[in-house]
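Quick notes on the structure that follows.
We call the chains A, B, C and D, going by the order they appear; numbering starts again at 1 in every chain.
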Amino acid sequence: MHISPVLWQFLVKWLTNSALFPREASTIAPYADALYFFLLLITIAGLALVGALVFGFSIRYRKERNPVATQVEGSTLLEATWTIIPLALFLVCFVWGALLYFRIYNPPTNAMNIYVVGKQWMWKAEHPGGQHEINNLHVPTGRPIQLTMISQDVFHSFSIPDFRVKREVIPGRYSTVWFEATTPGTYHIFCTQYCGTKHSGMIGEVTVLTPEDYKKWTEGSTSGMSLAQNGERLFASMGCNACHTGDAASRGPSLAGVYGSKLRLASGSEVLVNEAYLRDAILNPAQHITAGYAPIMPTYQGQISEEGLIDLVEYLKSLKTNYRVQQTLTTSESNQAAPMTPGVVKP
Amino acid sequence: MSSHPHDPANVTNPEHAEHRIVQPGTYIAVYIALLIFTGITVGAAFIDLHIFNPIIALAIACLKGVIVILFFMHVIFQSKLIKMTVGAGFFTFLILVAMTLTDYMSRSWGLW
Amino acid sequence: MDNTIVATHDIHAEEHHHVSLPQHRHHFETAEQQREAGTFGMWLFLLTEIMFFGGLFFAYLLYRNWYNPAFVAASNQLSIPLGTANTAILITSGFFMALGVWAAEVRKQGLLVLFLLLTTLFGFVFLGVKYVEYAEKFEKHHVPGASFDISEFVNPPINQKTGKPIEEPLSPDMARKTQVFFSLYFAMTGMHALHMIIGIFLLGWLTWRAQRGDFSSGYVAPIENFGLYWHFVDIVWIFLFPLLYLINRHPGS
Amino acid sequence: MSTTSSTIVNLPDQRTATLPKRNYLNAEDGLLSWLLTGDHKRIAMLYLISITFFFFIGGIFAGLIRLELLTPQPDLVASDTYNKLFSMHGIIMVFLFLVPSVPATIGNFVIPIMIGAKDLAFPKINLLSWYLYVVGGIMTLAALVLGGVDTGWTFTTPLSTHYLNTHVVTTGLAIFVAGFSSIFTGLNFIVTIHRMRAPGMTWFRMPLFVWSHYAASILMVLGTPVLAITLVLVVLERTIHIGVFDPSLGGDPLLFQHLFWFYSHPAVYIMILPGMGVISEIISTFSRKRVFGYTAVAFSSVAIAVFGFFVWEHHMFIMGVSNYSALVFSLLTMLVAVPSAIKVFNWAFTLQKGSITFETPMLYAFAFIGLFTIGGLTGVFLGSLGMDIHLTETYFIVAHFHYVMVGGMLMAFLGGVHFWWPKMTGRMYPESISKLSAVTSFIGFNLTFMPQFILGYLGMPRRYHAYPAEYQVLNVLSTAGATVLGIGFLMPLIYLTWSLKYGAIAGNNPWQATGLEWQIQSPPLTENFIETPIVDYEAYDYEWLAHKTEQEVTTVG
């Protein structure tokens, strides 16, 4: 037997470069793997049991050895056994799986928020400091990262197998996922929900850096404007500050400190103001009228991109006082440059 | 074929019911009831009863539907099998509604 | 082949108090079994219809809760007189269908044909009224699609007497959701009307067979089963009417 | 028949045996007599031919997909072609093969005979459902020829409604039409099973095959219309933008998912339940023993059908549904796994104290039990919420449902075709080559899909045209397996066709089985029974059969 050295080298390279088990690169991964191995154990045990029964009986009771069958009606005891034991095992899987699910989908409160916008066929990441990335995501180790994600067109799904996290990215609604990377390196990002022609090209890389490297990276790749600063500019140019002046007599409610508060709506219900609420209130104001205000806000649907909305949301999150709103307003008024509110309909 | 009279169990079994001809009198009564209920439904819509408006409207609609099913469609005179079949249809529809609503109703409970 | 079966079943006739009919199919033991199988089959088909409309009803339920003001405003665009009249017309049509089943059972051919014709007539009237309603929606640009117009919901016409808008004005984003209402309105009533049209075709065929005398000798299964279908279509409308026309008809609340 | 032989096959003397002079195959001649037939057996054969055709069309697509995935780069076809390949593979296999496979062919053929009826309750509707199937199939083919469709078989909105330029409407309507074929088949079965049973054929004397079809028929009748209306809405959304599923007009794309999976999860049970029925028949016949725990197996079919309606949301766990609702659905998903476990153990214990022989159908049944166990238990991975996050939308889920659908359903279908082949055609299939094909497809199948579990845990997403290089080895293994599997599936096509002419004459009851269908001639008469049978024995009563055979021998002797 002689294998040509070229072929041999190729084979060795090909086989050694293959993967059999994903890396564990987030704090969630060990938890997911534990459940995986438990489920694997059940599967193998179940298969072994069924296999042993089938093969055992086939050998013991084959026609040559047992020419005449003995009729057996059944056994309630046995039926109960193989109802209750699988049920118990499956319930364990359910509880364990549910705990893991809530671990993966409940971000810790101190998580750093990064926005992700999915569109055919790319991922855009926006860091709060204004760093933009395409098909790439830089994150530090040792810090929980929350991704707030939205799609501009169809369903996508943001998956990092080595972190064992995945979440569908939905058009028209924020969805979130979080992770805490443990090992520096680069890891695959996949879009796992079929999203059209170049679905398999909608891939990217997470670059996990040590906190020091991450700091260097943030400084090196900033665009000079944070998301909130962009949002402030947009807030003025869309004319939001014309109504949301922060005065007690203004036509729109004051927005300072609104993020995270409980708001009473005109419909009587009380809501918690989060990113999703802010986004929705800009696009569909009629369903989110604050109690005591008239439904006069026009919709901005189709006038702001998802990125713009993210900027606005970040700005509103950072808005603690109305001081700067009023300052901007005075400046723009003195410049006679107050932009028209788009699409205003006279009540 | 003719040497075997059909299974006597068929006559007593729950899948079988004696055929019955419904007389026009019943139909007329049902017809008048349906018209009256239609009137009530329209009338009730003009009175402000808050949350009870849709409830009353649906209750009357269900009542009318049940009357039609029972009398026009003869279900009241039919075998248990047919009654269960009708029930099964509406039950499955309820599953569709109720189980889907578990999602829609609890979506805003959490932060996700 | 037919003859032999009829002959054998003539002996059966006294036994089961049933007359054997040429329509009896060879694979059924008795005519009664055939009849019950037919009814049961028809009911199973109606189950599929329940689930078919069920999907639409669920979509309606969801969006009515999400966009209630839009649904109220859009629903008030529908004409109650026409809707009520149509409900009464359809119930009448169903009533004549029920009488038709009775006429077939008691083997009155003339009455049966008359009732079937009346059923058809009221079916046509219903569709006619529906056509008038649809035409109005087209004129007002309330048909979902590119030409859909929300201005009437944003700026409702002014009532001359009171000087106030006849409807609560909607903000543009909510007004846009009226399109969802009209989509469901057209989907549901359209699907219902489609069932009516299919039904009317079947009615024509049944009337033709009835005047030929097919159903005058005790064989009533087609009439009975079609009756089930027609009543089911009635029931769908009985639910559609309050859900689509009567969401909120008490202005000022 | 010697007691020590390793087979139960009991064929008539081949030198004198002939096929019955009158049977359903030669009752009438000419193409029209087939196309206008009301005979459930002829319709079953029409179905058998048409689903085999579509199976191989779908299979060709599968082959092309595996060929493309041999290398990480997109080199064989372009991306949109690849997307069309897997979409057409899914649509054809699910709607035109798996859903009608066992019910419309084997079920159609044997259910009326099993319960002692002359035909299904509504022969014309049965024929209509075949025509609907054909129309649906032709429309699918038309969509294919005109340029295909690339939505995936799930038609996810808003992708299918707003972003693709392929033949979504044609395909959607094709599935709508094919769906009604399935509704009518189910309706026919339910009425037949309720109203057409022979005297003495009580519910608990029915073969388990009939029970499982009854359960599947309920799902067909109640689930399919929801798919139909959903597809109508998709078509309307696509053509006139009604906005029901469009987030930019206020619709909720998740509503589509709910309605779609409300059918498509029960559809999984529509596909697998009839297969389970086949396995019950085969296991019992070849171990000469009544199915262990008959009532438990019968009721577990019904339980699967009922629970099947309560679990659809497990396809949507990561899609942004409410987490509380996900909890409920995950719990219910765990419950629906239990009846399947009950069935597997009951089959295994049917073997105990039996007198087992290993003819081809039995090999397929063994393959089914093993593969279905893997498929079922890997389903628990996906039903378990936290694990689902990592595994869903990867090759793990692809492997899982192929283990259930191909490893389970297709093995059952092939087992069933071999088992009832002598009844359908009057001739035996060649035994040794068919054993070879069973073993070949078993090995090929595992080689194809076992690596995909590993790929899935690695994170390789499904529906990917190109993939990272480190996944290549496993993909090559999978493609190699697919080649073997393809051969395993081609072999039956060839030798079964061959056996139509050259197979050994089977006689009435080659397997010494107890079902009513084995007590009549093969192939059966158009009317099935010369006189209506009166059933006075339980299902799978081999002592009754032995007694009956003895009597016949005495009478003849």
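Simple rule for what comes next: a contact is a pair of C-beta atoms (placed from the backbone, for glycine too) under 8 Å apart; a residue touches a chain by one contact, two chains touch by 3 or more.
Given the structure is predicted, the values throughout are model-derived calculations rather than measurements.
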Q. Chain pair with the most contact pairs?
A. A-D
Q) Which chain is the middle one, judged by CA centres? A) D
Q: Could you give the separation in Å between the centres of chain B and chain D, each centre being the mean of its C-alpha atoms?
A: 35
(Q) For chain B versus chain C, what separation do you get between their C-alpha means, in angstrom? (A) 15
**Q.** Rounded Å distance between chain A and chain C, as computed from the means of their C-alpha atoms
**A.** 46
Q: Mind pulling the residue numbers of chain B that touch at least two other chains?
A: 1, 4, 6, 15, 81, 88-89, 92, 96, 100, 104, 112
**Q.** Of all residues in chain A, the ones touching two or more other chains
**A.** 105, 175, 301
Q) Multi-chain contacts in chain D: which residues touch at least two other chains? A) 194-195, 222, 226, 254, 262, 320, 323, 532
Q: Could you please specify the touching residues of chain D with respect to chain B in the complex?
A: 194-195, 198-200, 202, 222, 226, 254, 258, 262, 309-310, 312-313, 320-325, 328-329, 531-532, 534
(Q) Which residues of chain C touch chain A once you look at their complex with the stated criterion? (A) 67, 69, 154-155, 169-174, 176
Q: Quick one: which bits of chain A touch chain D in the complex? Just the residue numbers, please.
A: 14-15, 17-22, 31-32, 35-36, 39, 42-43, 46-47, 50-51, 53-54, 57-58, 61-64, 66-75, 78-79, 82-83, 86-87, 90-91, 93-94, 96-105, 120, 153-155, 157, 159, 161-162, 164-168, 170-173, 175, 188, 190-201, 301-302
Q | Residues of chain A defined as touching chain C within the complex | A | 283-287, 295-299, 301, 343, 345-347
Q) Which of the residues in chain C come into contact with chain D in the complex? A) 25-29, 33, 36-37, 40-41, 44-45, 47-56, 58-59, 62-63, 66-67, 144-146, 176-177, 179-180, 183-184, 186-187, 191
